[in-house]
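To start, the structure under review is shown below, and the notes come after it.
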Amino acid sequence: MRLLINKIFLALSIFSATIGLGFLAWILITLFIQGLGSLHLSLFLNDLVDGGLRNLIVGQLILALLAGAIGIPLGMVAGIYIREYGRGKYAAFIRDLSDIMMSAPSIVIGAFVYAVAVRPYGGANGFAGIIALSIMMIPIIINTTDSMLSLVPKELREAGIALGASKYRVILDIVIKAAKVGIMTGILLAFARIAGETAPLLFTSETSNYFSVDLTESFPSLTVSIYNLANEPEQSSRDLAWAASFILTVMVLIINLLGRYITRNKK
Amino acid sequence: MEKLFQKVSFTSASLVLALLLGIFTTLFVAAKPAIDEFGLKFIIDKRWNQEVALPSDILNAETTPTITDEAAVDEDEIIDEDDEMILDEDEDDGTLTKTVYGGLVPIVGTLLSTIIALAFALPIAMGIAVFLAEIATKNISKFVGMAIELLAAIPSIIFGMWGLYYFAPIIAEAFGGYQVSLLTAGLVLGVMILPFMAAVTRDSMNTTPDVLKESAYALGATKFEVVKDIIFPYSKVGIIGSIILALGRALGETMAVAFLIGAVYSMPDKITDPTISIPVAMAVNFGEASGLGESALFYLGLVLFVLSFAIISLAKFYFLKKAK
Amino acid sequence: MSVMNIKNFSFTYPGVDHPSLKNINLQIEKNKITALIGPSGCGKSTLLRSMNRIHDLYPGNTYDGKIELLDFETGKYSNILDIKKENEFIELRQKVGMIFQKPTPFPMSIFDNVAYGLKIAGIKNKTELKDRVETALKGSALWKEVHDRLDKSAMGLSGGQQQRLCIARAVAVKPEVLLFDEPTSALDPISTAAIEELIVELRKDVSIAIVTHNMQQASRISDYTAFMYLGDLIEFDKTENIFLNPKEKQTEDYITGRFG
């Protein structure tokens, strides 16, 4: 009887894993079929105003990259503070706050940025979108930097100090270098996550039908446009939304897999 | 140079605190007009953007629960938006009305969809965690673990698309009712929090010391018994923490739910009815809202922020005490 | 002549109520090797780590007494426990180097590892760097093995080679004193022998203090030995006296293996 229960249990567990995998497969296959079907070269050559996705893809990447340019250094330096300099309660407090912020609702961050960078400014603008994305990125980078630095053995730091190096040199020349790969993975994973976000952009930088690098106005976004297109009644809009979804997912998964690839040997 | 670096890094770290305070303050200030206007009753008021007739004699009273102090009203005057209250002259009978906002429907929608998500995801996530931690061989565990993590990496808007066109019809077939509904949104939300719950649960389970497990096996226990009697009790706290943390995250999910819940400001009679959640309410209305309506949205955002913060903090401090 | 005088030195870790070192008095003699031996927990590593004040990476320590370091230029001794300023700490550590139990190659090339101490000391001249790196590597018996791959990562070296690299790195800055904290306990017997030979060679250029839990090692290579037990210095004398004719019973018991 016990053995029977055990067998049922094992079967259920394997079944759950299959369900999980099943959903993944279902979603990816759906994307593939729908997306691949609507995919053609003109999507990459035309902007949304002409039925293409070029401006959206470029726009999304620009938003993500600039958000990264802000969020990554800020997050890393903050992470360094928490792990290397912080003593006692304040550093632990910031670490906890950062962890909580990591799970904060993205729409609320969008609302915040709307209130401080859109409403007073007079309208949607790319800067606001970038700020929103970087706010989301910072806690993730802090968390990953902190974790990776904690894995560096303390003897390495001591060896640097013992040679007469000052603390910041030890951190920059030795500790960061030693944690380099893990930090890179963390950055790539965070970047992949930010690149796929919609809610923070919805009413900050919104989107645009035209090709633009002008951050002072509403800025083209692949994710926001998918949302808009999916809400339009025309079949052509829907097809475009699928093609865009496919491209977005491919982009995000490639960055994600790249991040995991570089740490593949380190586990 | 060393001092400079210390100062810069300290400032960056403090940025987190500044952001948190900034977000809370900004939300509060932006929500204040709605808070002043509706008070805490907002949370239990079902009406959203509804015109409510005002009996004309109220306009002459000094204070009423529904009129702000600043609006000293002259019977003949129609106050414009800047004074936080919209009085409209009803064309038919000339009664004055004002617009009322209440957050009950989105709040309930948020909570219910999250509960459905948890109920759906919990058993599956536990099963996956057990599979990864105890059943699968090293290679299979790596592969399946990776696949589950990929599921987590898929952007939420994709879940919305897939959910709307592929999953929703099936749910409607199986359960009747609308395709875009509380149920559909809840289930897809469940699929979205599945990887996270599985991962944290698996990590919790892996903290069980091998010697403990081995002692049980050495007594002849089956895998099921070891999981049930040794591993789960040992990692119970971490598992509960993961559930609460997943709850906190699910509360704030916007895009997938926006596609699937229906965005209708009405209390669902059945689980297969459409309704709305806080993030969806914000996502859908922010573009057009202004004045009191916009303030009401910020009020909703504030409620969500505080709620998420509280739940995530609970998970973190009470249950998930990770030693770093 | 001594390069370091330790006088009535006591040390307490932060948050601990009893001192880990009590009233230590000993000298590190110039161009000699002084071994610190004793059972686990006797405080020998704590004492060694006080000599370059690396404890101060973790604030909150309490010091009592003096540790005087000889200034080679002025001939005067100064108390290193008085040091408070960042640049003074840096100077101290450039004069008193340390090699750890676990080899700690930096994640850089072999050349950059050895040159690191020089670069942070401000030496930029490429020729000078090259020369000093070469000298240091030769002095650590590593040159022959790595001279053709100086730009390769140091992580690719074996354990014994990595430890010799750390020695080269420390030696390159031309310190006055070198502190070795159980330098061979993580290495195989052949590497251990090579490093012991190296340490004896280094004696002509630097003064050495070495912590070891391996008594045979201490008797093999050191000129002076200090036996410690539970934070006290039990006996300090020439090595042959300690091992052949110890004055204290505790010393004799430890040497003959009755405990520890």
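To keep things simple, chains are lettered A, B and C as they appear, and every chain counts its residues starting from 1.
Everything that follows uses one rule, which is that contacts are C-beta pairs under 8 Å (C-beta built on N, C-alpha and C of every residue); 3 or more make two chains touch, one makes a residue touch a chain.
The shown structure was predicted, so the numbers you read here are calculated from the model rather than taken from an experiment.
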Common touching chains of chain C and chain A = none
When you average C-alpha coordinates per chain, which one falls nearest the overall C-alpha average? Tell me, please.
-> A
Chain A and chain C, separation of their C-alpha mean positions in angstrom = 47
Report, in whole Å, the distance between the mean C-alpha point of chain A and the mean C-alpha point of chain B.
-> 19
If you average the Cα atoms of chain B and of chain C to get two centres, how far apart are those centres in Å?
-> 58
Which chain B residues reach two or more other chains?
-> 2
Expected list for chain C, residues touching two or more other chains, is 86
Touching two or more other chains, which residues of chain A qualify?
-> 166
Residue ranges of chain C in contact with chain A within the complex = 52, 54, 57, 59, 86, 89-94, 97-98, 100-102, 104, 106-108, 116-117, 120-121, 166, 169-170, 173
Once bound in the complex, which stretches of chain A touch chain B?
-> 2-3, 5-6, 9-10, 12-17, 19-21, 23-24, 26-27, 30-31, 34, 74-75, 77-78, 80-82, 84-86, 91, 93-101, 103-112, 114-116, 135, 138-139, 142, 146-147, 150, 166-168, 171, 189, 192-193, 196-199, 202-203, 223, 226-227, 230, 241-242, 245, 248-249, 252-253, 256-257, 260
Interface residues, chain B side, partner chain A - complex = 1-2, 5-6, 8-10, 12-17, 19-20, 22-23, 26-27, 29-30, 123-128, 130-132, 135-136, 144, 146-151, 153-162, 164-166, 191, 194-195, 198, 222-225, 227, 245, 248-249, 251-255, 258-259, 279, 282-283, 286-287, 297-298, 301, 304-305, 308-309, 312-313, 316-317, 324
Chain C-facing residues of chain A, complex | 87, 153, 155-166, 169, 173-174, 177-178, 180
